[in-house]
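If you scroll down you'll find the structure; I have some questions about it.
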Amino acid sequence: MLEAIGLACVRGERRLFRDLAFSLAPGTLLQVHGPNGSGKTSLLRILAGVLAPAAGEVRWSGRRIGALGDEYRRQLAYVGHQNAIKDDLSGVENLMVSERLAGADATVALARAALARLGLKGFEDVPTRALSQGQKRRAALARLAFRRACGLWVLDEPFVALDATAVREVQALVGDQLAAGGMVVLTTHQDVAIRAPLQQDLRLGT
Amino acid sequence: MSRGTLGAFTCMVRRDLLLALRRRSEIVNTLVFFVIVVSLFPLGVGAEPALLRAIAPGVVWVAALLASMLALQRLFAGDHADGTLEQIVLAPQPLGLMVGAKVLAHWLIAGLPLVLIAPLLGLQFGLPAASLGILAASLALGTPALGFIGAIGAALTLGLRGGGVLVSLLVLPLYIPVLIFGAGAVEAGASGLAVGAHLSLLGAFLVVALFFAPWATAAALRIALE
Amino acid sequence: MTTRSNWFKYAAPNAFYPLAGATAPWFFAAAAVLALAGLYIAFFVAPTDAQQGEAYRIIFIHVPAAWMSMFIYVVMAFWAGVGLAFNTRLSSMLASALAPTGALMTLIALWTGALWGKPTWGTWWVWDARLTSELILLFLYIGFIALQAAIDEPRRADRAGAVLALVGVVNVPIIYFSVQWWNTLHQGASVSMTRSPSMAATMLVGMLVMVFAFWMYSIGAALTRVRAIILERERLTDWVQELPRVAQ
């Protein structure tokens, strides 16, 4: 259960939004809409706990995420605008690092499987520097294929640079996450065809 | 430390070492800078043996300070640029520990080579053999402390304009105690005085830096990433 | 209970602004009076020193300035820490307002140190413990000011400055101790400003009066500067727009 209560955000000198509130039950997909500069990325970063809101709080299972700290972050998978992969490491190496940092036992086999699921079979051991933009994005999203028992996914424009096959695959991943009782918050400018039993839409910048 | 946290710590150290090995120029550059700076001094003050022997401890130590400071650029900037730093902050691990891992790896890449090559430079300056050992020991204790303190400055100035010069402004005053005790140890040794006090103080400084600096660095990282 | 909430209301910038404006002139006036009294004692009442003659009188400016420079750094770190811990804007603004005054005190201490050194020991600079520590303290102040100047986002500037100031304040005793150590190793010589002429009671009184003079000045300067900072940071708010001089 993720709750946002009275969130306000100020960047530079602009107030992006105020008195924002919503509540997500397990299995809910929250799609955040809004024009460029309306604060979508800032909202997602507030939900991830990286950015402190100007007012209000975010609660996970009734407790403030600031107080929960690592306990909350253990259940969180965040994919931002940047891919967060090292150019000099291969896809497999990047995934192993990302999973070990999350405290999970990672094996090379599982990493390969995750990369294969996102269409990177044959590219798992190449330094990601050599991959195309779309392939790098897929390598970044492979993290999601790895996270089985993850409570909350926060995805900022996950479909950027992806081709149709990859988009379908990521949508399937999101569908699986929701079916397993997890929550997904995402922003996208594209049309998303995800079968979500519970869906909410949030519009910023109006 | 639980198994997961220990695993994350070693993973972080190994990742940074692996990244540095794949771009070997980073290790070499700091070392070359160190050697060049030390070599500038005889060119500047003249090659009179007694003078060089007298200034050697200070010169080597100041060069080590400057080299450490330059190397700070690579501590967080790369991870910040590609978004991996954000993931490290979001990882369910104590951020201070992750910072400690990065500083340890950083020292192995940028600090340890200085410790190993300093005795050769001391020889160039005519330091006696016993002093060379003390020089290496003082640097071995001092360079990690410089890394931990410098990390605070690197974290505070993440992504700012005028990065390099600004970091030096913030960090060099904090380096001064390490410089005083480090160079002082070598000079004491050269004059036949007891070295123990200096090295103990250096060690104490290292322990304090090791325990407190990572938390200040973690706070600074969170502030910089907002 | 009502008295307590009365004081806390000044924690808001819009309430503090007029308070600072009203009280600052009084602090400057007190500073002027105390400075006159202190300088009178310094030049006319304190006896001539047997060893250093008249030139030593600059100690009445040098030592108070040095003390204030250290004191202001601690106060600055305190307010910055409060701003970091409680997320209060005004505390951080106060810290930023104090920094230039602290740096000024350090500069005065250094400059008067040089002026003292020249007639007494023939050199414009002496690497003694106090002067060297003051020089390093100046670097710490400049670092704080430079860091805040380099960050555009005000909240990040406040908080980064706070971390730096807190790290600095912990290091100041360490730096002072290590510089003392360094000085005793290398100097041994008779040249030392810390070994000042033995304090006659009048000298102590004179220095204390000057310390208070500098203190009053620092408060007045900080209050004036914080008003400017408040205006700049809050310039888009209603109450600033409605101030008599702004609403043209």
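Descriptive notes on the structure:
So that you can tell them apart, the chains are marked A, B and C in the order they are listed, and the count of residues begins at 1 in each.
The rule we apply is simple: a contact is a pair of C-beta atoms (placed from the backbone, for glycine too) under 8 Å apart; a residue touches a chain by one contact, two chains touch by 3 or more.
Source: prediction; values computed, not measured.
Chain nearest the geometric middle of the protein is B, using mean C-alpha positions. The chain with its Cα centroid farthest from the Cα centroid of chain C is A. Averaging Cα coordinates per chain places chain A and chain C 48 Å apart. Once the centre of each chain is set as its mean CA position, chain B and chain C turn out to be 32 Å apart.
Put simply, the C-alpha centre of chain A and that of chain B have 36 angstrom between them.
Within chain B, residues 226 each touch two or more of the remaining chains.
Chain A meets chain B in the complex at residues 48-52, 70-71, 73-74, 76, 78, 80-89, 93, 96-98, 100-104, 127. Put simply, chain B touches chain A in their complex at residues 4-5, 7-8, 11-12, 15, 18-19, 22-23, 82-84, 86-94, 98, 225-226.
Residue ranges on chain B touching chain C, taken from their complex, read 152, 156-157, 160-162, 166, 169-170, 172-174, 176-177, 180-181, 184, 187-188, 205, 212, 216, 219-220, 223-224, 226. For chain C in complex with chain B, the residues that touch the partner chain are 136, 139-140, 142-143, 146-147, 150-151, 155-156, 159-160, 163-164, 166-168, 170-171, 174-175, 177-179, 181-182, 185.
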